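Letters A, B, C, D and E name the chains as they come in the text, with residue numbers starting at 1 for each one.
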Amino acid sequence: MNKPLMDRYKTFDFVRKPVKPGELDVSHKTILYLEDVSVSFDGFKALNNLSLYIDNGELRCLIGPNGAGKTTLMDVITGKTKPDSGSVFFGQTIDLLEMDEPAIAQAGICRKFQKPSVFENLSVFENLELAMKADKGAWPALFARLNGEHRDRIEEVLTTIGLTEHSAQQAGILSHGQKQWLEIGMLLMQEPKVMLVDEPVAGMTHQEIDRTAELLLSLQGKHSIVVVEHDMEFVRSIARKVTVLHEGSVLTEGTMDEVQNDPRVIQVYLGD
Amino acid sequence: MLNINSLNQYYRESHTLWDLQLSVPEGGCVCLMGRNGVGKTTLLKCIMGLIPVRSGEMLFDGVDLAPLKSEQRAELGIGFVPQGREIFPLLTVEENLKIGLRAARRHGIKKVPEHIFEIFPVLKQMLGRRGGDLSGGQQQQLAIGRALVLNPRLLILDEPTEGIQPNIVSEIGDVIIRLNKAKGIKTPLVKEAAEVKNEVREAIKIINREMGVTVLLVEQKLPFARKVADRFCILERGRSVASGGMDELDETKVKRYLTV
Amino acid sequence: MLCVRPGIALDESTAETAESQEVSEQQAETVLDPFADALARLISGSMKEREQASEQLSVTGHPEALPVLEALLDGRLYALRDKQTAVIATESGQGYRIAEASTGADLGLIERSDLSKVNITNSLRTKLRKKISLLQLQSDDASVRLSAVNAMVKTADAKTLELLKEYESTESDEDVLSSMRLIFALNDLQNNDKSVRLDAMDTLKEYNSLEAYNRLSVLVEKDSAGNFIEQDVEVRKKAQSALKKIEARLQFYNSVETMFFGLSLGAVLVLAAIGLAITFGVMGVINMAHGELMMLGAYTTYVMQQIMPNHIGLSVILAIPAAFMISALVGVAIERGIIRFLYGRPLETLLATFGISLFLQQTVRSIFSPLNRSVTTPEWMSGSWQINDFLSLTWNRFYIVLFCLLVFAALLQILKKTRLGLEVRAVAQNRNMAKAMGIPTARVDAMTFGLGSGIAGVAGVALSQITNVGPNLGQSYIVDSFMVVVFGGVGNLWGTLVAGFSLGIANKMLEPHAGAVLAKILVLVFIILFIQKRPRGLFPQKGRAAEA
Amino acid sequence: MKSLFLGSLFFSNDKTANVVLFSLIALIVLVPLCNAIFPSASALHFSAYTVSLLGKYLTFALLGLSLDLVWGYCGILALGHGAFFALGGYSMGMYLMRQIGERGVYGDPVLPDFMVFLDWKELPWYWYGFDQFWFALPMVFLAPGVLAFVFGWLAFRSRVTGVYLSIITQALTYALMLAFFRNEMGFGGNNGLTDFKDILGFNIQSEAVRVALFMISGLALIGAFLLSRWISCTKLGRVVTAVRDHEARVRFLGYRVEMFKLWIFVFAAMLAGLAGALYVPQVGIINPSEFSPLNSLEIVVWVAIGGRGTLYGAIIGAMLVNYGKTVLTGLLPEIWLFTLGATFVLVTVFMPNGLAGLLLKKREEMHT
Amino acid sequence: EDTIKVGVLHSLSGTMAISETTLKDTMLMLIEEQNKKGGLLGKKLEPVVVDPASNWPLFAEKARELLTKDKVAAIFGCWTSVSRKSVLPVVEELNGLLFYPVQYEGEESSKNVFYTGAAPNQQAIPAVDYLMSDFGAERWVLAGTDYVYPRTTNKILEAYLKAKGVDEKDIMINYTPFGHSDWQSIVSDIKKFGSAGKKTAVVSTINGDANIPFYKELGNQGVSAEDIPVVAFSVGEEELSGIDTKPLVGHLAAWNYFMSVDTTKNAAFIKQWHEFIKNPKRVTNDPMEAHYIGFNMWVKAVEKAGTTDPDAVQKAIIGVEAPNLTGGISKMLPNHHITKPVLIGEIQEDGQFLTVWQTNKLVPGDAWSDYLPESKPIIADWTPPIMCGNFNTETKKCSGQNY
């Protein structure tokens, strides 16, 4: 692997473009750096010296057995879980470990949860409105008004996720699949630089899965996307580069074909 | 084994299930299909008695379910694996499994049957961990295992493949062989199992065939459904619009009812 | 402005004293038996006369004199209303069992109204105790002799000393002898011979005696002009070092005492909170009626004592299961009648149970009146375990600490070892799924709430032994109970235990320095700050689920 | 656009809210009017007793409203909200106390009576300035506001939530109660502050002042209601509702949850302080029992009975429960607690969303 | 119409119900009896009972309700000082009459209030005198609940003791919160304080509910009345009826009345009480007697004035005499306090007091203590020409009046 070359610390300071601290710097094409990240719970190592790099604009699939640490990885990136060791950088300069969840989200890393979590007492529309990219301070929120442009944006997303009819409905009464869609919609509203998508197609019909795949494909380039899924058909349909996680560290990385034929992957994950 | 006739259900004012018909033959495996939000989960919850129905009849082995409470339905031998897993998050895996023992007592089951750990070995490794800490897939396995503790005669599964890794097959294969032998049945399942890629699918099949459990399944993924189930039933906007043997599920029906 | 003058003061009026002396002289002429005469005057005379009569009794040497004096001191000496006969009465089932004071002969049962009590005042009581101690020195029972000698430590005068010296030769019990030596040493401190004084100090410094400490302290004190009261430097030095030795032990015993106070306060907190740890901590019902369930337990104790007034100790023991049953039944009724409609709406349970608490309070007020009820402390729970002069542990507190630990252990077993424990947690975490798994949630809820309420009732029995049994009992513990449960970490029984004890001990450590009010405020502030550090209490529930 | 905005401020989609609002407006217009027009013998005349009673209810309604913001909207079950009310009350009480001046029983021009007879030689520093209304008035907001800010800042930043938060708010008010009970604190101990004489130079017992205080309370309530309703309609309101549903999720959308909670909490505390400040001159006493945890619990009960999360529900609840208390303590002095307790139970069981919920349901039924 | 209404303002719920409910019943009994005697001015008396629920602002509200809505001729009520303070401006504003039956800290005299309980000079000082002379106490513990009554009383006592030559370090003062229930440390401190060689006595102004655990702890830690007697000012027969009195025997209380007082008036009163309350076990206590005296004085004053008009009654009542239950005749003084005997009793096992000392004359209540420097120059006199509750004899000024 070409890890040493990519290691952020191996880059001499003067080579780097001077950037304002806190501003995203993707001059090295890499948008997310995870290096030697370890997380343990009561002695159980959920992540074990994991290193992973996501390129700017890439669509990356992350697969691996149940419990391999995929969700935990996302927890680490979004600030929900603090790793025991290792470093996590957003671009060249932003140390995510020093930031809390809102700061990370504001910096442009957004996430869809494995278990769909939407605001059950708000309407579908309001769910999207809250997610919308905007100043998220308390004071601006007090005086924020929805303008036409905003509405159009929300309508657009509603159409994309097929919930236009349910716009005024409380999110709590949506079915499981509808909630999945709504959460994808919320992700879209945030217009993030990095999207972390945890099992987006669970509970969807075949056709919906295809639509999701299309959607994700259309987003790549504009956004860097990390998708976790167990549905191999879906993964195959979107994957450029696939990373396989196993027991908290990267087992292998490569194209779908490479991965599928990797005997270790077959053994721990795919089966014969 | 399960017969549902003209079932109507409302969420407050909104009519969700309309004159629904469904029958699950003894020993069969029926797959309930339909787009998002048509009422599949709702129907299963009605059968479990978790939400009230407005009218209609539900017979389980000729017993009317209507007057029975959820827990009594469980005791009759209906096992439920809900959508979203619904693990008891702060109970350990072991405790989660033990929960079913009360209803299983009537079958003389006093401790968590070993075969569950054979089907889902990961549960054995994680016995002491809190259910809520498990990964999504592990939780799903726990949910199925938990339902099996009841020694159910009818197993209801709501999208059980959701979030499960595509292998576990090889491991389970061995388990099944041993299960079979214990039961004195010599079905050459090993080979078949080796052929199948999806192990949960296989597990369900095995549970269905070997333990004589009838299965009612909600599944979106067509290939899986085809593989596992012998009958299907399609819902649309709360109505049952098509049903029959799995082989009768042709492209037109799929186009008409399942695509968006 | 003020016109406070001694009026009918009982022992000031010289005229009265003279008069009564006259009377006694007359009586002395007519009645020959001094014992019978003294007895007669004891029950009929004025307080002054009673004092003289008891004096007279103590010197008669009559075998019944000691029992009569003891009865007088203990308030068991009565006079028959009709015939002026002195009797010693003991309460028994239907009335009072009486024995003739002069002979000790049993006179059978009698109604309370047929008796009139022979009252005594403090001053007489003090004198009686002294006399009884002297008489008790001749007792066959070493422990009686020991307490008699101990009673003399403070007050021994020259006459007593002589008497003690006399008894010393015949005394065989080591403890009694040791106490006697203490008295002699204390006396020697005043001796004119310096070497005797120094020797006495050597003896005294080994004793855990407050009296010794006080007497030694005097030796090192200065008067108002700043000069030492004791002139002799050597004596002062020696006293100083003796004091130091005693002080070190005193300090140690003081910290043991503080610890015990803390533990016992903690035990009360734990008892009060532990039922709540179930109804609130496990079931999630914000049970504002918890205090009232304790109150019911306390009232049950009261009722039990009313039912069996002659078996106070037994009644308290029996009150434990009874209180458990009653509070548990009320709890089940509350759960079945009201709470069960509120599952899934935990905050609303606060409102409903608040209503219930008002209701229960008023019910008790209506049935038992708003007044406090008197709950008698059984013999074995009153008084204290006098380890030495510096340390004594009160029995009631001691038993409550034990009881608390017992209740805790029992509860832990129930929750850990029985199905109920598992099922109730499952129900609390996911009611619908629990149902679908065949758990009869209704029964589990009722039983759990009953269990929590029953424990509250049991706590009430304990509280009845240390505080008011009245309609406000519950109110005074509810806030603390919630505080303990939350501080310990909701849903963690061990947390409740540790929290209760640590808050109790913290409070008692602060109290001597800050005073009761400030100590309590400081503890509250500490809880507030602590929760900032550990937002889920001492023993938080961990894991993904708890964080979400 | 602007006028539309104002209109929507007064007329919301919720009819009940409008009814409540206009009844309040009617009340504060009618009462003074009747008082002025009709002679005191007339049946339509509101006696000073009724006016101050109504005034008191209005301050309670304001207090309930402020709790509803915190509880109903933010999901923070504050069991110590009475503390802010009491602090506002004490601020006002201190002003009124200083107004007594030489007319105290010991005639000390500076020291309040309780300080004189406890042998205090000079005014503690924290009493300085309270002789000036312009100082006392901001303190009415600042004292509770600063406490709420410090407490909330600590608690919300540490992510103390749920019952933990509830109980430490209770601990807060309990600690304050004990502190204010202490005579050393210099707030009059258990007796608190009482024996007030004037406010802004007017006799506090005069009927005109009573009516004025009543009107100010009414206006304050209406103002607070409109302001709160406006807040709840903004995006901030929706964020706060989302926080109530699923706090952690809101963070992942980039919102600083603690700040949202904090500002609502501080705002509500200030409203509660204002309520306390208006309450004190109308009842004539402020003492530490206002800090008692039980009092704070009662506020929760008002809101729950009225129906939480609706704002007007809190107003209805506070007014009705207190009116009930007034009537029952006079009518059924011996058993009114039964009635009150039973009401609480019945309302919770049969009206899950309080009176507001019941009204809503009735309306829905009428429509269908 | 044809009744005269009498307001009864005692808490029937909440923390004070424990003490005040009895006083409500006492009032009902007194009114019933007066009606049996034919009422007052030819009219029946009608009690109006309300429940201020131990809530101080509610006391004010209820007082206002009684005076404006029910138009009562007089109010009998309050127990705690703070409740009285809360009611005070209301009765002054509406010119009502309030009869306050509980011993209190003094430092007050209102035109509209009649203080039938003891002022500090009618309870505290005599008790200390007794302990000093009779028991020979040299060291003092002043233990109280932290509120005005104990604070003031202790201040007065402290000044008094110091004036009697007691050293500063021989006085220990301790305050506890209301309802304090864990007395272990304090009792242990008292024990230690009392074991220093000098005779020690405790003066307790501990209030209500805190007393039971206090005495239980005293008993259990073996603090006996012979070693360290406790004299209490707030523990009466009613409080004792809720305590297991065995360990308390010999401890003292100072009051103006004991149920055990052997007079025919008292016997009749007790009998009447038992019949009224239908419970022969109920006890009587000092505040009940205060209401008895206060009510009879009011009746006499109304008869004297021929009207229930407050101004007329206020004028008429000064100087009115009514028998108390201890064999004397109490008199309403110009300062609106009354004359009372002071009794000191030892607690007996049956929960009664054995009187061990008694003043031979009635002691007039002093509104403004002479032992506090600030109140020394102040007097109260509601007769012309002074007509003031706090008249400063030095500045000749009358301050702090609200009417």
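Quick note on the criterion: a contact is a pair of C-beta atoms (placed from the backbone, for glycine too) under 8 Å apart; a residue touches a chain by one contact, two chains touch by 3 or more.
Just so we're clear, the structure is a prediction, and the values are computed from it rather than from any experiment.
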item	value
Label of the chain whose CA centroid is most distant from the centroid of chain B	E
Most extensive contact between chains (C-beta pair count)	C-E
Nearest-to-centre chain - CA centroid comparison	D
For chain A paired with chain C, centre-to-centre distance based on mean C-alpha positions, whole Å	66
Chain B and chain E: spacing of chain centres that average the CA atoms, whole Å	76
Length of the line joining the C-alpha centres of chain D and chain E, rounded to whole Å	35
For chain C paired with chain E, centre-to-centre distance based on mean C-alpha positions, whole Å	29
Residues of chain C whose C-beta touches two or more other chains	361-362, 475, 517, 520, 542-543
For chain B, residues that touch 2 or more chains besides their own	133
Residue numbers of chain D (touch at least two other chains)	178, 181-182, 248, 337
Complex interface listing, chain C residues touching chain D	280, 286, 288, 338, 341-342, 345, 347-352, 354-359, 361-363, 366, 475, 479, 482-483, 486, 490, 517-518, 520-521, 524-525, 527-529, 531-533, 535-537, 547-548
Chain C-touching residues of chain B, taken from the complex the two chains share	48-50, 69-71, 73-75, 80, 82, 86-91, 95, 98-104, 130-133, 146-147, 150
Contact footprint of chain B on chain A as seen in their complex	41, 44, 64-71, 114-115, 162, 173-178, 181, 199, 202-208, 211, 230-232, 266, 268-272
Partner chain D, residues of chain E touching it in the complex	12-13, 49-53, 55-58, 60-62, 64-65, 68-69, 80-82, 85-86, 88-90, 93, 107-108, 146-148, 151-152, 155, 175, 177-178, 372-375, 378, 389-390, 392, 395, 397, 399-400, 402
Touch list for chain B against partner chain A, complex	11, 35-38, 41, 83-84, 122, 129, 133-138, 140-141, 159, 162-170, 194, 197, 199, 220-222, 258-260
